[in-house]
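The same chain A turns up in both complexes below, where it pairs with chain B and then with chain C.
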Partner chain A sequence: MTKYIKKRLIGLIVVLIGITFLSFIMSNISPVDPAEAFMRRNAQTATEEQIENLREEMGLNLPIHTQYLRWLTNAMQGDFGKSLVSNKPVMEEILSKFPATLTIVGMALIIIVVLTIIIGVLCASHKDSLFDNLTKVVTILGVSIPNFWLGFMLLFLFAVSFKLVPVVGYGSIKNAILPSITLAIATSSSSIRLLRSNMLENQNKDFVTYAKARGIPKKKIIWKHIFKNAVPPMITLFGQTIGYMIAGTAIVESVFSWPGIGSYAVNAIFARDLPVINAYVLIMAFIFVICNLLADILNAALNPQMLRESGDL
Partner chain B sequence: MLGKIIKNKQAVIGLIMIIIVLIAAVLAPVIAPNDPMKVNITKKFQNNSSEYPLGTDQLGRCVFSRLVYGARYSLGIVIPILLVVALLSIILGTSAAYVGGKFDRIFILISDMVMAFPPLVIVLALVGSLGQGILNLAFAMIFSVWVWYAKVVRSYVLIEKNKDYVTAAIIAGSTDKDIIIKHIVPNILPSLIVFFSTGVAGMILMISGFSFLGLGIEAGTPEWGAMLSGAKQYIYSRPYMIAYPGICILFTAAGFNLFGEALRDIISP
Partner chain C sequence: MSKKILEVENLRINVLDGTPLVKGVSFRVCKGRVLGIIGESGSGKTMTCKAIMQLLSKKNFDISGKIEFKNRNMLDMKEKEINKIIGKDISMIMQNPMTAFNPMFKIGNQIIETLMTHSNITKKDAYDIGVKELEKMNLDRAHEIMNSYPYSLSGGMLQRIMIAISLMLTPSVIIADEATTALDVKTQSLILSEFERIRDNDIGLIVVSHDFGVIARIADDVIVMKDGEIIENGTVYDIFDNTKDDYTKELLSARLLRKEVS
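Right, the complex of A and B next:
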């Protein structure tokens, strides 16, 4: 187990270096000169000399590899420079947006897990029933529905027509209900189907036949044998999903005017606020990689025999 | 293969849905009763009539005609992107798996790095730094997804490469080029078609999402995501203006998903 974790951590370091490298490239291929953009925005009349001075101050005249190292050293200390729009430290602003995003992602995750387990197990244990077929149709719609549209439809239905929840706003849990549901639908749909097919696959395995032969009650077989063995791929999926959702909230947040990290990034894009975009990309990739790693390690800890089979240990 | 598709109810429904959208895209000028771009302020927010089957929008443009033309944008953007991604991923994935060794290790290293970014983040970053516009959006989409596809192609080729018939072809003296083009690619093609078909649905959703955010496609364009974005301020007074474009996106994406999944069941039951 420790050997596996060590191996993964070494791999992680390589990937993290790659991430910083790619993030740096992606935000430096911009045709816009950040120094000029900043001066145009903050000073009415910017002379060539002023722009040149700022360029020097920002280190833009240095060779590209020096710039990268400088940026990396600062980034590792949590310093991503200042926003070109608000002139405040980027890190400070991003940290202040995180709670809003984590609220809806956390709530969405609870919805996803509950829906997946209840519906997935019911479908697998009542294969080809009316409920199973209905779920199939609903989940196909669930993965095909544009989430921003779903958001508007929920908003119209529950906030405008039935007036059950406030239209838009931020602060209470009530406000977070609709954005969380919107965020949860697509992932729930795909994970319900994954759980169902994993469980059906396990249903025909020898250990289930043996358990049946021993006369173990059906309910116990479903939970203790079939469900338990269908969980590992789900953990991998959820690890990936958390990272996806934190990044994917941009669209949902924009529908509900939710003041999270996603809408912050979208606003930065409209303003061409490069330091913000830069930090956003790096932090998102970081979260994504860490979530995936944690899911893999959790899986390895729960099923050490899986590592042995795949030759990782 | 074709016979199996026709017998599969889900595949037929999906295929019909795709064909309807395709027909709408190709025959848009014939189907649409009005010019989708024609502004007529005196006729704004009209109800359904024989002249305007689904009424008019805030600028008096025919909603139905705009929806029909929208199919052109959705498919017209997705299909070229998909072709480039397919070509790139088949070439890179196949050569990584077939050549192996150092080339494969470099491929894995690069793909691990790119896959550390959720595709949405890459697109946001690239559109953010390159600027908005449809070409930049297309480039960003291609860059963000190619690696996921290439990785899948690589895994298919790895399985295929070690099969007996490839060994036999090598012994018989076939060239690498012949083995790849005549043996491996045709054999993995069905699985790839399934994978790309469900990929189309995801891409349509992604593109409409970006044009909803206002990134990539100009406001006023009769593209479904952009139409929805333009209608959002009328959610209280005219909710149908939001409903229609969403239904079109859902219909198209569901068609590709239904077809792709049915195809998967047919190929690997």
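Right, the complex of A and C next:
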């Protein structure tokens, strides 16, 4: 197990270096010159000389590999430079935006897990019932409806018409309910369907037949034998989903005017705020790979056979 | 004639769309005797066993006739009553030992689970019984086996564990459905001697196989099935020495042919 984790950690470092490299190169070869963009935004009439000075100050005139190494050494110490827009340290700004995003992602995750387990198990154990068929329709809708539309509809319904929650605001759990639900709907829809089909697949396995032949009660067969064997692929899915949700909250955040990391990144992209973009990409990549790693380790702990099959015991 | 334990009368199994799988099968299982059911795949022998074990969902199959156990028709029983019998009074040894256990739980867990479903004992007692039963099956290091996951044990070991599980609740009937098919010849022979011991325990044993060698070695009575019907039945000597039906002759000669080749 420790050998497995070590092996994965080394792979993880390689992936992270690759990502920083790519993101750095790509933002640097984009046709917009960040120094020029910055000057044009701050001074109405920027002279060629002023821009040149700034370029030097930002280190943009150095060869790209020197720039990259310089950035990487600083980044490893937690220093991502200063935002070109606000002139504050990027790390500080990102950290201050994180709690807002984590709040709605965390709440969304709870909603997803609860909905998935309850509805998924009910659908699988009552296959082709009215409930199962209704769920099928609702989940197809849930996967297809765009986030922003759903967000606006929920706002209109619960905040404007019924006045159950405030339209805008940040700070209390009440404010976070609608964004979390919006964020949770699409993922729960697909994970309900995944859990259902995983369980149905396991229902026909030999060990379920044998459990029945041993006289194990139906409820226990569903939860212990069918559900538990359907869980590992779900953990993998959730591992990816968490990263995806943290990185993909931008739309939901802008619908609900939520001051999170997503809207911060979108603003940075529009403003060509390179240090912020680079830092954001690296942190998101880090979250992604860590979530995936945790999911895999959890799976390996749940199902030791997996480790043996991949020869990592 | 020894005492009958289980009687199947005119058992019919249809798929809900009307396709017949088993067309009126009758036989009885007696105490201390081995009933061999033989037939090619698709002859309905496994379906018959599954019907006795109540493993066929009423959502997919239409089952009629009588499966009489302790003077009651199991087909009329409620789920609660069935659950008390299946796994305890009637137990089963499955075809493929490698996939019959839940891969996510240790063997001990699955043995304890079975014991605690059918008797009112503590986990600790169930563990001790499990170890004792495994030792009875000539499995060394029973404690180690209890703490192993199924994937780390061999097919022969798992099959013996399954036999131990089928025996530990002192059932009156055991059904072994192709229980030796997935095993190599040496292990097969070992398992068959375990079956002989089961018979000596006054248990009615049903052995399902497509292999006449297996049937010849342990069965007392034999029924030959084809296309969902019994086409010949009798004692093992009747079937082997005075074969009446052409199909049975065919099966027998196929077996002989295979022996010559190997």
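Rule of thumb we're sticking to: the second predicted complex is superposed on the first by the 303 of 313 C-alpha atoms of A that agree within 3 Å, B and C clash if a C-alpha of one lies under 4 Å from a C-alpha of the other, contacts with A are read in each partner's own complex, and residues count from 1 in each chain.
Keep this in mind: a residue touches a chain if its C-beta (ideal position, glycine included) is under 8 Å from a C-beta of that chain, and two chains touch if they have at least 3 such contacts.
Source: prediction; values computed, not measured.
**Student:** Based on the superposed arrangement around chain A, label chain B with chain C as either clash or fit.
**Tutor:** Taken together on chain A, chain C would fit alongside chain B, as the superposition shows.
**Student:** In the overlaid three-chain picture, which partner chain does A:9 touch, first (chain B) or second (chain C), both, or neither?
**Tutor:** It touches nothing on chain B or chain C.
**Student:** Counting residues of chain A in contact, which comes out ahead: chain B or chain C?
**Tutor:** Partner with more touched residues of chain A: B.
**Student:** Could you read off the angle at the CA centre of chain A, spanning the centres of chain B and chain C, to the nearest 10°?
**Tutor:** Between chain B and chain C, as viewed from chain A: 90 degrees.
**Student:** When the two structures are overlaid on chain A, which partner does A:213 contact: first (chain B), second (chain C), both, or neither?
**Tutor:** Only chain C; A:213 stays clear of chain B.
**Student:** When the two structures are overlaid on chain A, which partner does A:269 contact: first (chain B), second (chain C), both, or neither?
**Tutor:** It touches chain B, and chain C stays clear.
**Student:** Tell me which partner A:294 touches in the superposition: chain B (first), chain C (second), both or neither.
**Tutor:** Touch status of A:294: no partner.
**Student:** One more residue to check, A:64. First (chain B), second (chain C), both or neither?
**Tutor:** In the superposed model, A:64 contacts neither chain B nor chain C.
**Student:** With both complexes overlaid on chain A, does A:1 touch chain B (first), chain C (second), both or neither?
**Tutor:** In the superposed model, A:1 contacts neither chain B nor chain C.
**Student:** On the overlay, how many Å separate the closest CA atoms of chain B and chain C?
**Tutor:** When the complexes share the chain A frame, the smallest chain B-chain C C-alpha distance is 18 Å.
**Student:** Find the residues of chain A that appear in the contact set with chain B and again in the contact set with chain C.
**Tutor:** none
**Student:** Touching chain A in the complex: which residues of chain B?
**Tutor:** 109-110, 112-114, 116-118, 120-122, 124-131, 201, 205, 208-209, 212-215, 225, 228, 232, 235-236, 239, 242-243, 245-246, 249-250, 253-254, 256-258, 261
**Student:** Of all residues in chain A, which touch chain C in the complex?
**Tutor:** Checking each residue of chain A against chain C gives 205-207, 209-218, 220, 224-225, 228-229, 302-305, 308.
**Student:** Chain B touches which residues of chain A in the complex?
**Tutor:** 11, 14-15, 18-19, 21-23, 26-32, 140-141, 143-150, 152-153, 155-156, 160, 243-244, 247-248, 250-251, 254-255, 265-266, 268-270, 272, 274, 277, 280-281, 284-285, 288-289
**Student:** What residues on chain C touch chain A, complex-wise?
**Tutor:** Contact set of chain C toward chain A: 53, 55, 79, 83-88, 91-92, 94-96, 99-105, 113-114, 117-118, 149, 151-152, 162, 165.
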